[in-house]
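In structure tokens below, several structures.
Consider the two complexes below, in which chain A is the common component and chain B and chain C are the respective partners.
And then the complex of A and B:
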């Protein structure tokens, strides 16, 4: 049970950590060990180890989880110079607003940012996978780094693979980046649904924010216009999503790199007379 | 294991607290449990959830930390202990029911508190509460907590909060144990059940002989 780097073995597929017997394979750095068994896979891991639990009962393996600590919507838009991602900083535990300073937008490298909603421990796992890939790239020291589209594609394979093993990573991810002069914005769902678009959202954001984005988004928006649109979308998500708090972060990816803002709050409007006394003309207070 | 556990950092270290009740169904299997377990001399863990799961996980983490400490030639960092516990909890998340709080003192960071709730998210926090009793004291802790308290203020905060949780949660009760970890070392206190602050609506117990030394 000794903690080891996660396995990136092809035998188990992306994103699956095998039993501790599976050897981790940093890409290309270790010389391939001599394989004595002709049937052993050449990918670097030991031969696929079947889950002993599945053998024991004769039942197929079933691991579907339940989410515990969750994040709510992540929003993303492209604009003239890059992409903006936004989310609040809440880790909710059911209906309890449990952890109020959880960063759900994380930098992957200077060209790419990832944001996640859903189970936050699985997001921490996904960040670890991405960090390990980035570390391998860094150690190769050839100037290459993961492109945003590669990160998106990799996460698609990870989430779809886990879905096929009935053991999903319970997240909806937004990948935002800027590469070769063009902004990139993609999403991956927990069952492996994957697509790119000019503006995206997860969870409640799809219902609350996307309509605003469809109205106001233009691909040649300036940064100020894009930020103003994001603030509008974040505000409506805070008004209407119970599992949210008035503490947000904005992540920007442009040709100059990645910047994740300090947490901020937005002004909210409650001072309408009809809000104060909504049933003025009614018999009861409903 | 219904429980109330908490840990809070103060200026110079951390104070961890817990009740002492272990229940199997309605029966109180152990009324003087020690739920604050040591992982190293200056890192402790508060355990809630399944007693078996958390006891075994603590033993694994202690074992690895000991080896790691010997390789390092120094005391392990609190972050390392917390990460180890989280990795173990995460990789076995479908089988375990464990809500953990890892806290302690190391030279790099001073006092730190890490929460590992169900699902095995790892999050560093200035203070945290856990277990079934914690539901009753969110409001109280939000009101009373301040950063940079003194050691005595922090310990009083922990004892008051755990006491209030025990007052309303049937799965928490017995005595209040605290463990204070700082540069100076580890200090344990024990508040026996009849000296726990009396809950509203309940009667103070009859006078007793001078309190037992902790």
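And then the complex of A and C:
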């Protein structure tokens, strides 16, 4: 196999870039990097694991403290013969609609898609990790691919490891897949909180779409019913979430593989009385 | 729960400053309650399956119990991500132990291992509140109760998690453990017949579900006897 890319450091855990060991070269081959006294143990022994990035440039590592360009909710439901994922295509810079055609649903392999809300550059980094794994699978050429549950478990470890480093990947990720005749739907949060369920939503979607799903979802829904439910959920999210746009994508995973739809818009109606006169039933507002 | 650990984001009072941007905490409290009662020849372990964050329910069906073998398991409440990691670590240690010793790990050994594993992260603790439960070498019920950093004690019954304050006093009253001040120390076990112990646990969860928003949906009940593990399920209110 070709040498692995460096995104999976043995010393630093999954999802951390760096040399595979804290001290990558044997003694005497290369001059040792100069260390700050505070990084060396007082006993004079070698530090076991020291952050190599901090050693390399002599500066403290900079950590993510808040997100910049963010995506809003991702929704997911299972149905009779697969899984549907949906999200809009907005990358928002604060409350500015900065990138309007950012595809937040991506294919991992023929049995799995992921969708991300939260910091979009972190999502692109995560996609690079997954692509490295997929490339390895391709090079092995044995037809084996990561199962959706494995992708989900892997992402849980990556996000949890970065949380432990106090340098989180600021995302909530939804993993959808279809394996061994069963749909898979799981999610991971920025501190590694993970679970699987028959229907899921991240962020605002957990407040806006999840109640609709709880009311209307059945595991034996047909594709048409599931799509209709998804459209309804997307519409509600669009009506009430100001950081969303009317340009959505729908990803479908079935036994036949993965398809991510072209972006589409949903028909909206703003003529409701309550939209035109929102204060009508709220005494004391204006 | 431990007041010194950060738990939920609090809403700043009006006018106390404009929120500039999102912030984060490495800890979260996902709620949930676990209970274990040890008897002469049984052990009952129960855990609610709701997983929440703040006022939101994330899922209604998340198990908090990890079964190692028919005589030893652990149940954990607190932060789900830490719980999952702790369970993964202990599971792999249990597999290694079996390769090395050609037998499954006993409850006492697992209790010590759990303590060491928790204390290993003393200065960045697993935010989990655990019970290690099972049957000891004599076949009697065993329950070990922990704090987040590994202090532990063998008890006759235990309760951890968001419903602890509601359930623990009821168990104290109904099971009447020997005082820890009695010398020599007494090994206390419930004299209740198994079925009554299961009913007591079920009743305790129904009551906690009435008042604790983090306890609800379902209760997963495992009954350990010399014949193996039997499972039972109790449905709570889903509100």
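The criterion applied here is as follows: the second predicted complex is superposed on the first by the 223 of 286 C-alpha atoms of A that agree within 3 Å, B and C clash if a C-alpha of one lies under 4 Å from a C-alpha of the other, contacts with A are read in each partner's own complex, and residues count from 1 in each chain.
The definition used in the following text is that a residue touches a chain if its C-beta (ideal position, glycine included) is under 8 Å from a C-beta of that chain, and two chains touch if they have at least 3 such contacts.
Because the structure is a prediction, the values reported are computed rather than measured.
Asker: Overlaying on chain A: chain B and chain C, fit or clash?
Answerer: fit
Asker: One more residue to check, A:99. First (chain B), second (chain C), both or neither?
Answerer: In the superposition, A:99 touches chain B alone.
Asker: So, A:67: does it touch chain B (first), chain C (second), both, or neither?
Answerer: Once the two structures are laid over each other on A, A:67 reaches both partners.
Asker: In the overlay, answer first, second, both or neither for which of chain B and chain C A:268 touches.
Answerer: Neither partner.
Asker: Which partner chains sit in contact with A:259 here, chain B, chain C, both or neither? Use first/second/both/neither.
Answerer: neither
Asker: Thinking of the overlay built on chain A, is A:222 touched by chain B (first), by chain C (second), by both, or by neither?
Answerer: neither
Asker: For A:197 in the superposed arrangement: first (chain B), second (chain C), both or neither?
Answerer: In the superposition, A:197 touches chain C alone.
Asker: Give one of first, second, both or neither to describe whether A:207 is in contact with chain B, with chain C, with both, or with none.
Answerer: After superposition on chain A, A:207 lies in contact with chain C alone.
Asker: Working from the superposed arrangement, determine the closest approach of chain B to chain C, counting only CA atoms, in whole Å.
Answerer: 14
Asker: Considering each complex separately, which residues of chain A are in contact with chain B in the first and with chain C in the second?
Answerer: Common interface on chain A, chain B vs chain C: 65, 67.
Asker: For chain B, which residues count as touching chain A in their complex?
Answerer: These residues of chain B touch chain A: 60, 64, 84, 86-88, 90-91, 93-94, 115, 117-123, 125, 135, 138.
Asker: Residues of chain A touching chain B in their complex?
Answerer: Listed in rising order, the residues are 1-3, 17, 63, 65, 67-69, 91, 93, 96, 98-99, 101-102, 119-121, 124-125.
Asker: Along chain A, where are the residues that touch chain C in the complex?
Answerer: Touching chain C: residues 65-67, 156, 160, 163-164, 166, 168, 170, 189-197, 206-207 of chain A.
Asker: What residues of chain C sit close enough to touch chain A in their complex?
Answerer: Residue positions touching the partner: 21-28, 30, 51, 53, 56, 58-62, 79-81, 84-85, 124.
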